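To keep things simple, chains are lettered A, B, C and D as they appear, and every chain counts its residues starting from 1.
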Amino acid sequence: MCVEKYRLIRESTLKICIGLKIEDFTVQSASEVSPPKWHLAHTTWFFEEFILNKYSPGYEKFNDEYSLLFNSYYKSVGTHWKQEKRGLLSRPTVQEVLNYRNHVDAAMLALLETTMEPERIEFLLEIGLNHEQQHQELLLMDIKHILSSSPLSPVYSEKRLEAFSAGSLKWRHFKEGVHELGNSESEFAYDNERPCHKRYINSFAIRESYISNGEYLEFINSGGYHSFQYWLSDGWDWINEEKIQSPLYWRLIEGEWYEFTLHGLVLLDMYAPVSHISLYEAQAFANWSGQRLPTEFELELFLGDSKLPLWCWTSSHYSPYPSYESYMGGLGEYNSKFMCNQFVLRGGCFATPSEHYRNTYRNFYRAHQRWMFSGIRVAKDI
Amino acid sequence: MCVEKYRLIRESTLKICIGLKIEDFTVQSASEVSPPKWHLAHTTWFFEEFILNKYSPGYEKFNDEYSLLFNSYYKSVGTHWKQEKRGLLSRPTVQEVLNYRNHVDAAMLALLETTMEPERIEFLLEIGLNHEQQHQELLLMDIKHILSSSPLSPVYSEKRLEAFSAGSLKWRHFKEGVHELGNSESEFAYDNERPCHKRYINSFAIRESYISNGEYLEFINSGGYHSFQYWLSDGWDWINEEKIQSPLYWRLIEGEWYEFTLHGLVLLDMYAPVSHISLYEAQAFANWSGQRLPTEFELELFLGDSKLPLWCWTSSHYSPYPSYESYMGGLGEYNSKFMCNQFVLRGGCFATPSEHYRNTYRNFYRAHQRWMFSGIRVAKDI
Amino acid sequence: MCVEKYRLIRESTLKICIGLKIEDFTVQSASEVSPPKWHLAHTTWFFEEFILNKYSPGYEKFNDEYSLLFNSYYKSVGTHWKQEKRGLLSRPTVQEVLNYRNHVDAAMLALLETTMEPERIEFLLEIGLNHEQQHQELLLMDIKHILSSSPLSPVYSEKRLEAFSAGSLKWRHFKEGVHELGNSESEFAYDNERPCHKRYINSFAIRESYISNGEYLEFINSGGYHSFQYWLSDGWDWINEEKIQSPLYWRLIEGEWYEFTLHGLVLLDMYAPVSHISLYEAQAFANWSGQRLPTEFELELFLGDSKLPLWCWTSSHYSPYPSYESYMGGLGEYNSKFMCNQFVLRGGCFATPSEHYRNTYRNFYRAHQRWMFSGIRVAKDI
Amino acid sequence: MCVEKYRLIRESTLKICIGLKIEDFTVQSASEVSPPKWHLAHTTWFFEEFILNKYSPGYEKFNDEYSLLFNSYYKSVGTHWKQEKRGLLSRPTVQEVLNYRNHVDAAMLALLETTMEPERIEFLLEIGLNHEQQHQELLLMDIKHILSSSPLSPVYSEKRLEAFSAGSLKWRHFKEGVHELGNSESEFAYDNERPCHKRYINSFAIRESYISNGEYLEFINSGGYHSFQYWLSDGWDWINEEKIQSPLYWRLIEGEWYEFTLHGLVLLDMYAPVSHISLYEAQAFANWSGQRLPTEFELELFLGDSKLPLWCWTSSHYSPYPSYESYMGGLGEYNSKFMCNQFVLRGGCFATPSEHYRNTYRNFYRAHQRWMFSGIRVAKDI
């Protein structure tokens, strides 16, 4: 079973890169963006470091330097190449990275097929595959950002991957009371989704649809980016320092609004959800509209099992749940050390692999970040 | 009644400045620190801007330029001098600022004694006096920081104002359940303490005593500042970039630890609570000790009515309460726009005026800040 | 003789500070500006460090910490307080600094009156007094900058110290040939003015008058600050990053040009020389006008013995003369280590003490600096 | 004639890229380094912009966006892509850039073969080809820097391109007097080499050989990087901020010194000239050794017609010659606007095309830059 799953997930990563040019694999268009080549190597390193080096006797590393280059930030397993310098690496080449993947895949498949004690590595394998799936979404986010950095507006996909309608304007209501939140399943879930715990939630309502580009444009046209009263203090400083006037991929060309998409530059669709916005912008919009962002707990109650096309910003800072326990050892760094000055997003997006998603899933980013597939849903007290 | 209260509170501010040299009033030792002169003028401006200009017909401003100089950040009432440039102002002189205070006080007292509709200004007066009291604590924090910036280690107070013992090592236990938290009183409270609302709190325990300097030194001596596993990721970056190795005012002189205090440089008292630490350090210490910081709600339950000598860091990001409503108009900026990337401290400190403090009081700072009188109390799940 | 000279020069420094408020003595309005208090102490430290500590047996330092605080950058004589942090020092107070001056003056006068070997300290005394005189000019530059930082535009002097006319529009011509340049006198001169050496100078002409405010305003009004072709590449970057649109102390108030002066804010005098401009602006103006800046050697030939009211920028980078030899020991740092990325100004200014000035005098600043009393004279090939 | 020359020079550029991987063409390893792809396109743009657009009627641009992307800094001919963002461009691909070269070359060759008035474009062609040759050297400098940024130390060339011996230790003497310097030939030379003019030069001597790695290592081992007295003030700040301890490409690996070269990582050759050092380091070394750097004029007298293997730093700031006149129009930006805060290097290097070099050639860089092929020759007064 897990052999097949390993194979499929690893292949999916490569499929995302179909259509890229060799040149696209190496560019780092912002310090938080990684070159596609780096994702391919880093996810591979994860299996090598946490599984093969420990559980595959006689495994020979593909290249000793790669731990330095492709460790992301796990300080307990050695020094690492600085994140903002990933774009300096023309070598190893894409071909060498693919060879690295093949080398590790061969060893992993051999290990999975022959190991006498599968349960010892099961947890690590699960983490490794979930980690790979997380990077599949990151890969698409990063590809979009990299391609957007060229004024040539290259096309990644012939299909319009990001064309959804914002949805119905109705509101769904919820009654107040104590709820059990967080993950209680025996299946895999990240440590930050656990433990399942009780919370008292006031009654509230969430609008069924995303905020659309058209609605967001109204906010802009009514002077939203120039009216400090809607903004968090940090957000106001940010839009002024960075001269932010619209969502990340919007382009005003000769009086007409366009949007850079994975399909290249297209006219802005007023009925599609606004996307690639920061928490600051989401919150300012919500203030302007007289509503508010939902908390992550309200959204957890709102969300069914189905994945959304865009992550929804919540008003919840990313914090540990009551009685939270992080992973042990090197993997303890996976989630817990980021629980500071970030906000939670909920709901998944079209780029999130379906098998990877759960409705207790907590995604998190800094309040100014917006290269992820983020959108806005509004809530209100009732 | 309120005339006397106004007089007393305004006088208390000046009393804090007794013993300062003229030169001390002008220095800004960090971008977040304000010169004492600025505090004296800004609190005065607050009454002028929000009360006299609106409710005292015929009031003449002391100096038209002062709104620019002494508005802190209320963007709805005009532009303001940049916070980090407050130390550039040698003029107005201290004497001119005192004249400004007298001018405004005379007008305020006249207004308070003659107004026919006291209820219209009652709320603004309440805010203005609470604002002044907040600045009394800030004034002392800033004086300490300014004096600490000279290698001459000047003495502010002949008395040891900051000498407390850390307290008993016992733990107090709390049972789980739904609690009403936040402020439900009819008396004055800030908008951020309201509304009173229900929360489900797991059972927990909090240690009766502060973490002492001696305990904190153990953390340092065991390599705490060099062991990334105890630190939030942002905190680790911060201590490395800023080369932080100990609490803000500790000084290692020829192998002996000293502490800069309002009484000058003194030998570090191992039994006193550690103070002037950041949230990062508080959290790293808690991790190292196998415990955790309390949430702000746990501390609210723990605190009686009495004020503490040092603010306690909590693990709670500063967020609005369910159904929070901010002040209207210009004062809406007072609290709500800061609810991002800050953490809550609870309990008050020796510098907090007693009449200003309530056990629902929420103080908040950024995770790296430490010039306030902050300390550590640890909690655990039970 | 030298006792009297010492007394007079030291007194002149204090006279410059008459009219300052205590608050003015402590502010540092830019990293390159020093608080007046610091100048008073630093010039005093110079005598203590280089003369009293070595040649006055039994001399007791006024305060051991002062070397740290008031050494400017002489690395060979110990560590020093960072230049950009001079404004953090509220202590020592102005009174304590005056006491320091008195302490050192008493010891210096005793030494000068009793020393059996005056020739041993003569050179150091000469340097110390020249150093003090240099700081007299710096003091006035810094006072102007500090007072300009307050929107209250305080008045330093009842007299208009900076009111000169730009002068005659005639050109003075010079023939080409080998000239002896640099200082050949036996009297005191800085090492950077020496040795006297030969240079071949092409024929040239220099305009008798300074560029006036009126002429400079024409440059501005014709779009000078928006036309890259007049600017050095670094200068263009600088005006764009710093948003420079006019000379340092010009203020456009309701359509009218004013200038901040030591006499406060006054209407811009169109016939006075433009002042407080950078090399970048001087050079851009010269390009726009179809002329060029003179070299320092052309200006040395042009200048008689009389001092000018404003320093003239030259097109000469600050470099050593052929066969240059710097001072020995700690004083070797006085000039030579700054011979990189600075430009020479020639001619003195109204704030330069007359006895301090020589026509071989080389002043030097970075191309973007403009808080010194700098002006423009243009030259051309003939 | 010029058809053949055009063809040869354009081909030489491509030859330098043989052996690069596609990935190497896109990386920008420092803000001053350009991706090889950019060089290939920029030199092509130069012909398109300055010749084809004006003198080839009916010429169709390959791609309208390319002027934006591949203009370097010529502000008079339109806006340009920021230099430090050249590494963000994965597109156009290397193949597209080669197509661009072919497109322009075809048009250029057609123009050269058919133009009725060759003299009109002769000067522009000359500049364009010299510009291309300058970029050939830059290309190699940048390739070396890019490859050095990967810890894998890739090999660019099987041959040791940079292996020279430092040469004889003898000194060559020169007598004082007036010399004619600068370029007086009718052949092509840059504006900054002109006009030929007279200078008085004191007698001096220059050592025949470069400073060797072995000599430089002595400087390091004697504490050169920790002794401020050898350094310019800016240089001292630079080595401390950037933590510079050795030449750019030196690597200390387990107690042994290596050097990254175009041939990969090799043991440091103690008899080869030290290379890739800054003016700061060159000057500090010279001070330490009791000598000095030559001026650019001394080196011009010293140099015969033959090109050196490494550029020699001079003590001369980069300034215009007497009666200097820059190119007219857009090309006026070629040299003159950089005459500020740079130093001159003389003598050429192994990467400078021979036909491009003249002994009046002035190369110039900032005092801290060191990715060019720079070395040290020392001089002294006699």
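Definition applied: a residue touches a chain if its C-beta (ideal position, glycine included) is under 8 Å from a C-beta of that chain, and two chains touch if they have at least 3 such contacts.
Everything numeric in this text was worked out from a predicted model, so none of it was measured.
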Relative to chain D, chain with the most remote C-alpha centre: B
Whole-Å separation of chain centres (CA-atom averages), chain B against chain D: 57
Computed distance of Cα centres, chain C from chain B, in Å: 44
Rounded Å distance between chain C and chain D, as computed from the means of their C-alpha atoms: 36
Residues of chain D touching at least two other chains: none
Interchain pairs in contact, sorted by label: A-B, A-D, B-C, C-D
Residue ranges of chain A in contact with chain D within the complex: 21-29, 37, 63, 65, 68-69, 81, 85, 87-94, 146-147, 149-152, 154
Contact footprint of chain A on chain B as seen in their complex: 73, 75-76, 178, 197-202, 228-229, 231-236, 315-317, 319-320, 322-323, 332-333, 337-341, 367, 381
